[in-house]
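Starting off with a structure, shown below.
We just call them A, B and C in the order they show up, numbering each chain from 1.
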Amino acid sequence: MAASRLASKEVRQVLGIGAVCLVPVVLRNNYYIHLANAAMITMIVATGLNLLTGYCGQISIGHAAFWAVGAYTSALLTTRLGWSFWAALPASGLVAAVLGYVIGRPTLRLKGAYLAIASIGVGEIVQLVLLNWTKGTGGALGIKGIPFPRLLGFELATEFQLFYLIFAVFLTIFGVTDGIVRSPLGRAFLAIRQNEVAAQFMGVDIARLKVLAFVISTAYAGVAGSLFAHLQGYISPYGFGFKESVGILCMALAGGMGYRWGPVIGVLLLTIARESFRYFQDYQLVVYGLLLIVVIVFMPKGVAGSVPELVDKWRGRLRRRGQRRGQPT
Amino acid sequence: MQFSVSDLVQIILSGVAMGSIYALMALGFTIIYNALRLINFAQGDMFMLGATFGLTLFVMWRLPFSVAFLLAGLGVAVVGMIIERTVFRPLRRYPVLNLIIATIGISITLRALALIIWGSQALLFPPVFGDKPITVGKLVLMPHYLWIIGIAVVVIALLQAFFTLTLPGKAMRATAQNRDAAALMGINVFRMDSLASAISAGLGGFGGVLIAPVFFVTTEMGALAGLKGFAAAVLGGFGTIPGAIVGGLVLGVSESLAASVVSAYRDAVAFVILIAVLLWRPGGIMGRKTR
Amino acid sequence: MAVILDVRNLSKSFGGLVAIDDLSLEVERGTIHAIIGPNGSGKTTFFNLATGLYTPDSGEILFEGERISGLPPHVIAHKGIGRTFQNLLLFGDMTAVDNVMVGLQCRNRYSLVEAILRTGSAVTDQMYKEATKLLDFVRLGGSRDQPSKYLSYGEQRLLEIARALGTNPRLILLDEPAAGMNPQETILLTKTIRRIRDELGVTVVIIEHDMRLVMNLAERVSVLDYGRKVSEGPPEVIKNDPKVIEAYLGVTEE
C-alpha cells in the first residue's frame, strides 16, 4: 500500500509538472507568458520569505535589496567579465547570501524586530548605491545588453524558451525548500517561530539557525535577481525599492505564511488581481490596496491557511445539521 | 572643502529645521507604537496628506495659512481616527506582521487615491514664510527654517502639555504602560487607541504642511519621509518621546552636514546611522544599553 | 563520580534585587532531589542559571565536573541537561509528537546538507517511533497527533517532560510539574518521575510546592529562602526543621 501511495504521488507530481509545461503553449500570447515568467521569479523570492517568516518567524522588509544585488551581480559578471549565465546564476545567489550573512549575523543575535528594522535600512542604502555609484552600476541608466542564457549552443531568447528555464530553477528551489521544511532543520525553524525560548533549551542554536534561514532566503532572492536580469535584458535601480520589498511580502502573507503552497498561491492571486484591475485604470492601485486589507482582515492566515479552515467550519456545520436530522447523540 | 562660520550656521539651521520635521514624524511613529505596538507604514502618507490638504486649503480655497495649517493637521487626524476604527481595531488579535502589512495596504490605497485627486505632477506651494534671507551681522538666515523650528517647538510643547497636564493625556500614557490595568481602572482603551492614532496622524500631517512651502508637493513625498521618520524614532530609542525628538534632530543635522560633503548620498545618511545604531546601541541614543 | 551537579557560591541579582545569594548545592547522580521554598525564593532563577538563560554574577556551576555556567542554553542542552518550565513553553501549533521530535534532534548534530538529506521517510519514521515511545512513557501516546495547544493543562506538563527526555539528558530539571494537576494526575506524575530515574537512569531535580509529592518522592531536599540555602537533608529531617517552618510561615522561634 505504501508503495502504491508513493507511486501515485510521483504520478501526480509528473502530471503537475507536465501541466505547467503546457502553460506557455496554452497562453500563446507573449505578454501573458512574460507575466508568468515574472510571477515565477517572484515566487522564488516569496518562497525564501516564507521560509524566513512563515517557518522561522523572522521578518525582513528589505528583500528587494538582495534581489537587486543578485540582478546586478549577474548583469555585471556577464556584460563586463563575459561570464556565462550558468556561472553567474549561482554566483548571484552566493553574493546575495554573503550580504545576507553580513546583515543577519549581528542583527539576529538581538531579540526583537531588529532584522525588520535593519532590512529597511539596507533596502534604502542598496538602492541609493545603485543609483549613485555610476561607475560600477551605471547609475540611473542601469545596465543594458544583458545576454540571454545559452543552452547547448542555443540562445534562449524568447519568453517561451525562458519559461522552461525559469520553471526549472523554480522547481529546484521549491524542491529544496520542501526538503528543508520536512527535515529536522525545518522542524527546528518551526520550533523557533513557535517558541524561541523553549527551542534553545531543546538544543536548538537559535541565533545560528535564524541567520541560516535569512541567508537561504537572501540566496533565493539573489538567484531570482539573476533570472530577472537575463529575462529583461536591462536593469535599472528602479524596481528594487521598498515598494517591491513589501509587495513580495504582501504576496507571501496573502498566500499564507508557513504553508508550502502559500507563496505560489499568493503570487498568482495578486498578480492576476493586479492585471485584472487594469480595467479600473487609475483606480487599479486603490482596488489593489483595498483587496490587500480585506485579505488580511478576513483571512489572517492567508489563502492557504484560512480557506481550509473555512471549509472545515462549513463541513462541520453541514455535519451538525445532518446529525440533528438523524438521531441525537 | 572650506566652510565659513556663516555656512556652518546655515547648514546646522537647515538641519535643525529638517530635524524638527523628522521629530514630528518620529513622534507619530512612537505614539502609535506605544498604543498599538504597531509600526505604521502609512505614517509617511499622513505627511503627504498634510501637504496636499494644506495645498488645497491654502491655494485653492484661499484660506489664510494659519487656518489652512490647522485644518490640514486636524483633517489628517480624522483620517487617522478612521483608519484605527476600520482597520486596526478588527486586527488587534492577529500577529503584528498582519497589522504591518495592513498599514502597507492603507499606504498603497491612500497614495493611489491621492494620485487620482492631485495628479502625478509636483505641485508648487507658494512660499508663505517669505523668501528674503534675514541678515544678522554676518549671518544669513532663511526665514522659513526659523518658522519651521518655531512651529514645531510649539506643536511639541502642546503635545507634552497634553500628556502631562490633561486627563486624556495621562490616561493614554497609562494605557501605553499597562493596557489591562488601564482597562480595569475604567479607561476606555479603545478610545485611547483612536486618540493615539489621530494624534500620530495629525503630527505627520502638521509635518507635511510645514515642509510643503519649502519643497514641492507630490503624492510620493511620504515614502522617504516616512522611512526617515522611522529611522529617527529608532535612532533616539524606539518608543520614547524624548528619544523621538533627539533622534529627529540628530538625523536632521547629520544629514545636513553630510549633504554638504557628499550630496548624492544625502538620503543614505539616515539608514547608515540606523544600521550603525542597531549594531552598536540597539536601545537607541537615549535608550539603555541592552545586549 | 557521585556528584552530577555541583553549584559553588552562586550569586545573581537583578538591579538591586538579590535573587540568588552565595548558593552552594550538590546533586548526587541517580537521586531525586527537591528544591523547595516560598515564592520568590530564587528556585526558578536557579534553574535558569543552571540551563544557561542567565549568567551568574559570581560563583560557578559544574555539570559532571565541567564548568557550564555562562554557556548558552543550547550548548548546555547538548551537554545533557533537560528542563521543563513553570509557565509551559510548548510549540503550540505543532503536534505532541513533533514537540518531542524537536527534543530528539538534540541527540545528533547535522550539517546543513545532512539535515536536508535526512528527509528520507526511514529517518523520520525512526524518530517518530522514538518520540512515540517517550509519549507512551509519560502516558500521552493517545494524543500524539494532537496539536499541543489542544491538550489539557496536565497533559501539557507531561508533554514538556517527554520533550525534555527527548534531548537524552542525564539530568532533568522539573519546574513545578504538578501545578494545575488534579490528585489522580499528581499520583500518576509521581510514578512517572520515579520511573524516569529508575528506568531511564536520569537524575531528577524538582521544584515543587505540593509537599506531599515532595516528601513522597525526594531523597534529598534543599530549602531556599531569599536566594540562600536555609536547610538541606532527607525529607523526614526537613519536615521538622524549625528554620524551614520559619521560612514558610514567617514564624520566629521564640
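Here is the rule we go by: a contact is a pair of C-beta atoms (placed from the backbone, for glycine too) under 8 Å apart; a residue touches a chain by one contact, two chains touch by 3 or more.
All of these numbers come straight from a predicted model, not from anything done at the bench.
Asker: Looking at C-alpha means, what's the farthest chain from subunit B?
Answerer: That would be chain C.
Asker: Comparing the two chain pairs, does A-C have more C-beta contacts than A-B, or is it the other way round?
Answerer: Counting C-beta pairs in contact for A-B and A-C gives the edge to A-B.
Asker: Could you grab the centroid distance between subunit B and subunit C? Build each centroid from C-alpha atoms only and quote it in angstrom.
Answerer: Those two chain centres are 50 Å apart.
Asker: Where the CA atoms of subunit A average out and where those of subunit B average out, how many Å apart are those spots?
Answerer: Those two chain centres are 33 Å apart.
Asker: From the C-alpha centre of subunit A to that of subunit C, how far is it in Å?
Answerer: Inter-chain centre distance comes to 41 Å.
Asker: Contact residues on subunit A for subunit B in the complex?
Answerer: Residues of subunit A touching subunit B: 53, 59, 61, 106-107, 110, 113-114, 116-118, 120-122, 124-125, 128-129, 132, 242-243, 246, 249-250, 253, 257, 282-286, 288-290, 292-293, 296-297, 300.
Asker: Help me check something: in the complex, which residues belonging to subunit C touch subunit A?
Answerer: Touch list, subunit C to subunit A: 51-53, 72-74, 77-78, 82-83, 85, 89-94, 98, 101-103, 105-106, 110, 112, 115-119, 124, 127, 163-164, 166-167.
Asker: Which positions of subunit A touch subunit C when the two form their complex?
Answerer: Touch residues, subunit A against subunit C: 176, 179-180, 182-185, 187-188, 190-191, 194-195, 197-206, 212.
Asker: Help me check something: in the complex, which residues belonging to subunit B touch subunit A?
Answerer: My answer: residues 39, 41, 87, 90-91, 94-98, 100-102, 104-113, 115-116, 223, 227, 230-231, 234, 264-265, 267-268, 270-272, 274-275, 278-279, 282, 290-291.
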